Amino acid sequence: MTIGLSHYLILSAILFSVGLAGVLRRKNLLMLFFATEIMLNAANIAFAAISVHIGDLSGQMFALFIIAIAASEVAVGLGLLILIYKKYGTLDLDNLSIMKG
Amino acid sequence: MENYVYIALFAPLVSSLFAALFAQKPKIQLVGIVTSVLIIVSLLASLTLLLHIEETGKAVSVTLMDWIQAGDMDIKFGFTVDQVTAVMMSVVTLVSSVVHVYSNYYMESDRSFNRFFSYLSAFVFSMMILVMSDNFLGLFIGWEGVGVCSWLLIGFWYDKKDVTRDINPSISPSWAANEAFIMNRIADLGMLVGIFMIYWNLGTLKYSEVFAHLDTLSHGMLVGIGIALFIGAMGKSAQFPLHTWLADAMEGPTPVSALIHAATMVTAGVYLVIRANPLYSQIPEVGYFIAVLGTFVAIFAASMALVNRDLKRVIAYSTLSQLGYMFAAAGLGAYWVALFHLAAHAFFKALLFVGAGNVMHAMHDELDMFKMGGLKKQMKWTFLYMGVASLALSGIYPFAGFFSKDTILEAAFNEHTYGIWFVLWFTAGLTAFYSFRQVFMVFFGDERYHELGVHPHEAKPYALWAMAPLAVLALIFGFFKEDFVEFVTKFLPAYEMSEHTEHMVWILTIVTTAIALTGIIIAYFKYSKGLKRNLEFEKKNKVYNLLINQYYIPILYEKTFSKPYKELSEIAWKEIDMEIVDAGVDGIAKAVKVMGDESRKMQNGNLSSYLKWMVAGFIIVTVVSLLTVVIK
Amino acid sequence: MSNILTLLIFFPLIAAIFGFFVNKNSIRVYGIAVSAAEFLLSLWLWKSYDSAQAGFQFVEKMPLIPDFGISYYLGVDGISLFIVIMATLMTMIGIIALSVKDGLKNLIITLLFLEVAMVGVFVSLDVILFYVFWEFSLVPMLYIIGAWGGSKRVYAAIKFFIYTFAGSLVMLVGILYLAYLYYTTTGVWSFSLTDWYALLLPMTVQKYLFWAFFLGFAIKVPMFPFHTWLPYAHGQAPTVGSVILAAVLLKMGSYGFVRFSLPLFPDASVAYITPVAVIAIIMIIYTAMVAYAQKDMKQVIAYSSISHMGVIIIGTFAMNAEGISGSIFQMLSHGIVSGALFMLVGVIYDRRHTKLMSEFGGLAKVMPTYATIFVIMTMASVGLPLTIGFIGEYLSLAGFFKVSPLMTVIAGTSIIVGAVYMLSLVKKSFFGPVTNPENEKLKDLDSKELWALIPLVAIVVWLGIYPKPVLGPINNSTKALVQLMHNKAQTPEAKKIILVSKKAKEAK
Amino acid sequence: MEPINVNLNNLNLITMSPMLVTLIGALVILCIDLIKPKLDKTLYITLAMLTIFIAIGANLSLGTNQRGLFDTILIDGVSLLGQLLILAGSMLFIPLALTKRRFHEFSYPEFFALFLFMIFGFQFMAASDNLILIFVGLETGSLALYTLMAMHNTRLAHEAAIKYFTMGALAAAFYAMGAVIIYAVTGSVEIYSVARILQERQNEIGMLMPVIGGGLFMIVAIGFKVSLIPFHMWTPDAYEGASAPMAGYMSIVPKVAMMVVAVRLFGVYMDLNVAIIKLTIVLLAIVTTTVANMMALVQKDVKRMLAYSSISHAGFVMVAIALNTTKGYSSIFLYYGLFMFTNLGAFTMLWISRHKYNIHHDRFHHPYEKFAGMIKLAPIPAVIMAIFMLSLAGVPPFSLFWGKMYILSAIVDAGKENSNYYIVALIMALNSAIAVYYYLKLVVYMFLKDPVDNRGKVVYANRAFSLELVVGVAAFVTITSMFYINPLMSFITDLVGASGY
Amino acid sequence: MEAIAFYTFSILITGLFLVTVFSRNILYAMSSLAAGMVLISGLFFIMRADFLGAVQLVVYSGAIMALYAFGMMFFDATRDVKEKNSSASSVFLLSGISAVILVAIFAAPAIGEHIKPLVTAAKGLDNTQAIGEILFTKYLIPFEVAAVMLLVAMVAGIVLASKKMDQSLSEIYQDADPENELKEQK
């Protein structure tokens, strides 16, 4: 039994959904960010797998840049979290609902 | 001669405008004099024209200027004075002159003396346009113009308040004025439709051209035009069922009633039928209908006059009745007879009204004849005038009415419409009865006016002098019958009695005179002495109540038209316009707003739900799209 | 003077901008002077207008957005000429009669802006330009109603704006579609009306476009059942707002029918005569009834406007020169008369701060001059011959009689129902004894009001007796219009109903 | 392993010049700050403006239809237009930092550096058809933008930034996944080759599903940025939380950048004639316009209302993408070009009236009541604000009317292909009628109501010359639009047409 | 062999990420995330995407997780997080459906088939070399932009987390102004 492209893709799909579930479920912003990392990783797996499968390097490059993007997002995201943590003393997004309607 | 046409036409206008300049000023006697003089000038011009036409036998036509030009429609202010017009002009200006002069007396202490003359002269102007115009639309100008003047004059004492009277629902000058105007408008619509039909079928509205080409039209179309125009005539001449306004119009000053609602305006309908004789002679069935309706109105109105206690209303009903006579004649094709009666009627009816004006003045505007009586002593001349007029109205030889009415009866007989003849004959008796009922109630018997504490007095001499021409004409006009016939039949179709009728003339005359005399005699016995109101009778008797309530027609109109219209209007406004149409529009706006409020709830400020919405949106979009693909 | 139309449009604009620098206390005179100058300018336009010619005159054309076929394209013919003059006249008279104290400066400047839009609408021959002015006219009116109006003014103003705006947006889609059709047919973009006139459209397309334009115009007219903004707008607007709204703004809709719907979609117009006429009849009778039920003088006149507009629509859809000329003349007549009536109501409102008829009664005794003018206008409103009101109404009905005698008879009840509500208004307010002690000491018209009203009375009588100087050019242009429609008509039905007058035929 | 030879001439480095300018500008600002801190903000403002100015120049000097740097950079008409709009919007934004009141973000040079970095990122989005570069550019710009928002340093700004950021992260994941799918069927992440390959393969079995799926993922990512409902949720909050000029900026520049991407990406789908994607875009656009309009109706704060209004404008513009006509694509840029001035003008008016303490409302800085009776307190600003509102509402002759007209016209033209577009045009037209209500609401408050009480100076609180200048320019552009529409539109059409759209 | 490794890794990764997503304890969540990342790099190695695996290991498991760890310490988040998690059903529904959608898309036969590689390095290079070549030719610009992006992230992080942000200039009223805004409120 060989592991084909679809195995990876389905893994990617599952991980994407797991990440999505986390994003939707989490109220703690830090943990919510974790979930977005999972989603990006899911994409990475798919890219890498396709890239390897067809022998084209763009996919791996894309994955590489996604990693860079994820890193940048973390930096900015954490900055923002620190900011609101200082102001609100909590990371619960339920507290962030002054603006509505 | 053209200048005379213009003088006859515009002298009243100048008069009106002159008076209008002072309309808001207190009384200026000069205004009365100037306007009267100008109307007399118009009269003289009219008479000159009459003589001129008599001499030459040719009509005088002038075109003043263009009026409406649109598409193929080309309507000019054109005036033509032919035999019929000349007669009408003379009658109108003559009565107008008398009424103008008389009004100097009648309105002498009225606050709005000047305004009155302005309106009155304006009326004369409109009437002159009506009779002089050489096309239907010009006629319509006059038609509506007299309507407005009538509105203004009926409502002259506009500041009177609405009062509820026992026999009329709710009435005031302004109410009556509006009623008259609106009823006339209903008829005017018919007239307009007639005009439209003529225009679209013949491409012109000029009498001469229209009548010359009538034969190109189908019979059905002619009937349509005839009916439409007659509907117009019905309104102006207060024919059933559009008659109620005329009695109510008595709210206006009495000279107005004399001029407008007796002598001139109300006869405009008859004039129209006479004018359109080439049309109506081609459609005898419509003519017959007109005759029947006229006959009906004659007896219908006479019956109401029998019991009415209101001095002016009695005369109004008699006018209505006489208009019925005229229509009967015109409908039967005896156009010159109708015109002759029109002229004669104008004289004696105006006289009658003006006389009634004297009585009213004497009685301080009291109109109930039961409160008068025995005025003969104080008002000799007035009694004389009204007597003459009543005799003329009753058709007693040698007064004018005798000749004209008799001829109508002969014509009815001649046409073998014996039913019409019989009714008209019977009505002649009624006419005599109510006319003299009135004379006796007012001038004979006990002096019941003492109860009111009034001191009757005769009118001023110049007023009495002013009435004289009418009285004279009421007396002698009948003797001009032959000349008149000769004159107008140059234009109107000659109406020759058959030989059979010629033989019967004497018998008919005697029969007619007999019934008239019978009426007078009955009236004499019943009303000349010891008159008392029989309240029990008035309460109980159904026929009396039917008549005094004008066959309940005003009430019926009130209940079936006025009130429902008002209620429907309220419904249209409050229920439909506000609740449905407007609320519908607002409903859309509100719905949008509500939807905005609802959809705003998804923006609940919680990041988690925002994220969910985003994913949900993605899923909805995707599932729908992918399902579409799969289904395809 | 070849660019008089440009001058006519931009003079008030520039004057309005300069108006900002005029001191508050002097603004009134400035307003009168500017509007009078504009009026004289429009009279000059009339003087220079060649009545014998039917086509567009003083044509100016300058590309504005050439790639998209939009140009600055102006011109007047007999149809628009007098509406322009009426617009300038009514603006002038409205300004003369102004009784507003607060924010007079803003009001006058706004009125001048409004004048720009009004003149622009009627002289534009480029459809987009027309649309621009058409929409822009809403803005000053919004301000006028909303800022100087009655207690529900904001509601009324917004309703007016959004309602008309919505309608005209549908029209815009129609315009764009028509432009596209023109483009596909000829390969060039053009929004010039005269270019569009040459376009022969298939019936199916005409039908859709007809309704698209219809919606825009019908709301403006306003036609039943899109009329409910009007009573609010009139009821709440200050006098000058009502005057201009009734006199000019409503005419934009009916003018649109004549200028656009008929010549562009002759077949569809003919095909839809019946539904449109039925709506018009409903307008005539139904709103007349509603008017009769009103308690407020101004509302009576507001609803009467709708009723009269019904007659105008009837005349427009008569498809012959008589009816269309009549409807255009009726536009003028209604403009003058209802303008004057609104002004008259404004007079009494200034004195008593109420417009309820029940508050009045017997005014004729206290204010005779006022009553006289009111009655004259009433008579003109009910279409008395020899007043301006008759000719238009008569011709409209006469024209439509050719199309449908039965419907004309029903529509003709306008002369009855019109009399009913107007006379009952006059009776309730002017006749009878003076019951309300507050009314006993009312002042009659002052000189300012007389100056505003007397010219209108003069026009009412003058054009009633001698309409030729106005009706002649209208008639010429209308005949040409009908000829154009006839030539364009494709369905046999339309060919039959669009009736070219004989004289025009002979002239050919 | 052999050395790789790269010919510098083939790189076509010039295509990078506008981005390089902004990059250098940003770095210069950072360096200056490092060397000598506490310099006045005017210096940075001027530097930033200069940078943008040079970038515009660099941009204008580029010829169309060239690729550079291993084909990752694509300078076609659309990218030029996109960059021009981005730069012009930024140019209008920068002077707004010179306010009378002091605000947090403008006090730090980092703000201006980040601002230029952001432009840099967006420029790449516009100037590339490589999904990777677009993604990187997008994130560069977005991350900078989040920071700029947060730097306003109010509670609401933080909340806004977090919301925007988090949703942005999710959208980024969707973008990545969309790219995966596209890559999985084409083996390429470059749009032009994607287009080519899809064209070749479109009739293969099983193609439709991934093609559509990829498109839908991309719609989420793009819809997020241009705020299509239901991916718009961040928009009102972000606009409300951000400072007024930043909100105005956000309503234009990032959207323009993303619109360019959308044009490129969906252009492929349109050429393939994938009906589902077309339909989805149209439906989303309709829903966006309609729902946003309805939500805007019930707002109490002008800024928030403008946020919803910009959503509805985005929806309106989005329809044009589905038309796949040159006119449609051109009108997008025309619309945004005009919208930029009007909307930024409106936001600047809000900015001028910005004051520190909320008077009328606990939460809102710009509730309607604040502007009540403005015509009496400040007639000229009131008139100008009203002009902006009317322009947004699409009342002629103000600028957005023309944009609206062109888009509607483009939609109507497309009716030839599919008559349903007539209905779309009607819906869009009627939407404008709904929209006019909330714009008028402000006009009503300003013109038709009396001031709430005597706080005349509130509407002027933040007034400064540079702000007035921006408003003046915006007003001028808004009013005189009809005179330059033709050259502008032909310029745009030429550029768009030259790009093959 | 590959299959075993794949399944092991897959199950582990999924499990770990599930822990990340569902754990109440932030420390567990983070640890399992880090572990998952490491295992993903394992997957990359299986695929012979060595460079990517290395980067994953270094950047993710190293840098990113380190950042998170610092952040976590700052937030004092070692204790259990009390979350009022939104209704599980909607979360599962939404994520489940998206999983189905993704799987449905990925299951399409056209995925990954008949594709010619477009971006390839010179033959005979191993993965890292190939990537190096491509990265510095074809993807030079994205690489540079990514560098700028990281710079932006750095500046942003510094700005946001710095003390400068502690006091908001936007919310205080400065006296430099001639008028006192507070007075205006009266």
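Here the chain labels run A, B, C, D and E in written order, and each chain numbers its own residues starting at 1.
Please note the rule applied: a residue touches a chain if its C-beta (ideal position, glycine included) is under 8 Å from a C-beta of that chain, and two chains touch if they have at least 3 such contacts.
This is a predicted model, so every value here is computed, not measured.
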Shortest path length from chain D to chain E (each step joins two touching chains): 1
Which two chains share the largest set of C-beta contact pairs: A-E
Chain centroid nearest the full-protein CA centroid: C
Most distant chain from chain B by Cα centroid: E
For chain B paired with chain E, centre-to-centre distance based on mean C-alpha positions, whole Å: 98
Distance between chain centroids, defined by C-alpha means - chain B, chain D (Å): 77
For chain A paired with chain E, centre-to-centre distance based on mean C-alpha positions, whole Å: 5
Intercentroid distance (Cα basis), chain D paired with chain C, Å: 43
Multi-partner residues of chain B (at least 2 other chains): 589, 600, 603, 605, 607-608, 611-612, 615-616, 618, 622, 626
Two or more partner chains touched - positions in chain C: 162
Where chain E touches two or more other chains at once, by residue number: 86, 90-91, 94-95, 98, 101-102, 104, 106, 111-112, 115-119, 138-139, 142, 146, 149, 152-153, 156, 158-160, 165
Inter-chain touch pairs (all): A-B, A-D, A-E, B-C, B-D, B-E, C-D, D-E
Complex interface listing, chain B residues touching chain A: 600, 603-608, 611-612, 615
Chain D-touching residues of chain C, taken from the complex the two chains share: 63-68, 106, 128, 131-132, 135-136, 138-139, 142-143, 146-147, 153-154, 157-158, 161-162, 165-166, 169-170, 172-173, 176-177, 179-180, 184, 208
Contacting residues of chain C [partner chain B, same complex]: 159, 162-163, 224-225, 227-229, 286, 289-290, 292-294, 320-323, 325-326, 329, 362, 364-365, 368-369, 372, 379, 382, 384-386, 390-391, 394-395, 397-399, 401-402, 405, 408-409, 412-413, 415-416, 419-420, 423-424, 427, 430-434, 465-468, 471-472, 474-475, 478-479, 482, 499, 501-503
Residues of chain E that touch chain B when the two form their complex: 86, 90-91, 94-95, 97-98, 101, 104
Residues of chain A defined as touching chain E within the complex: 1-3, 5-22, 24-28, 30-31, 33-35, 37-38, 41, 44-46, 48-58, 60-61, 63-65, 67-76, 78-83, 85-86, 91-92, 94
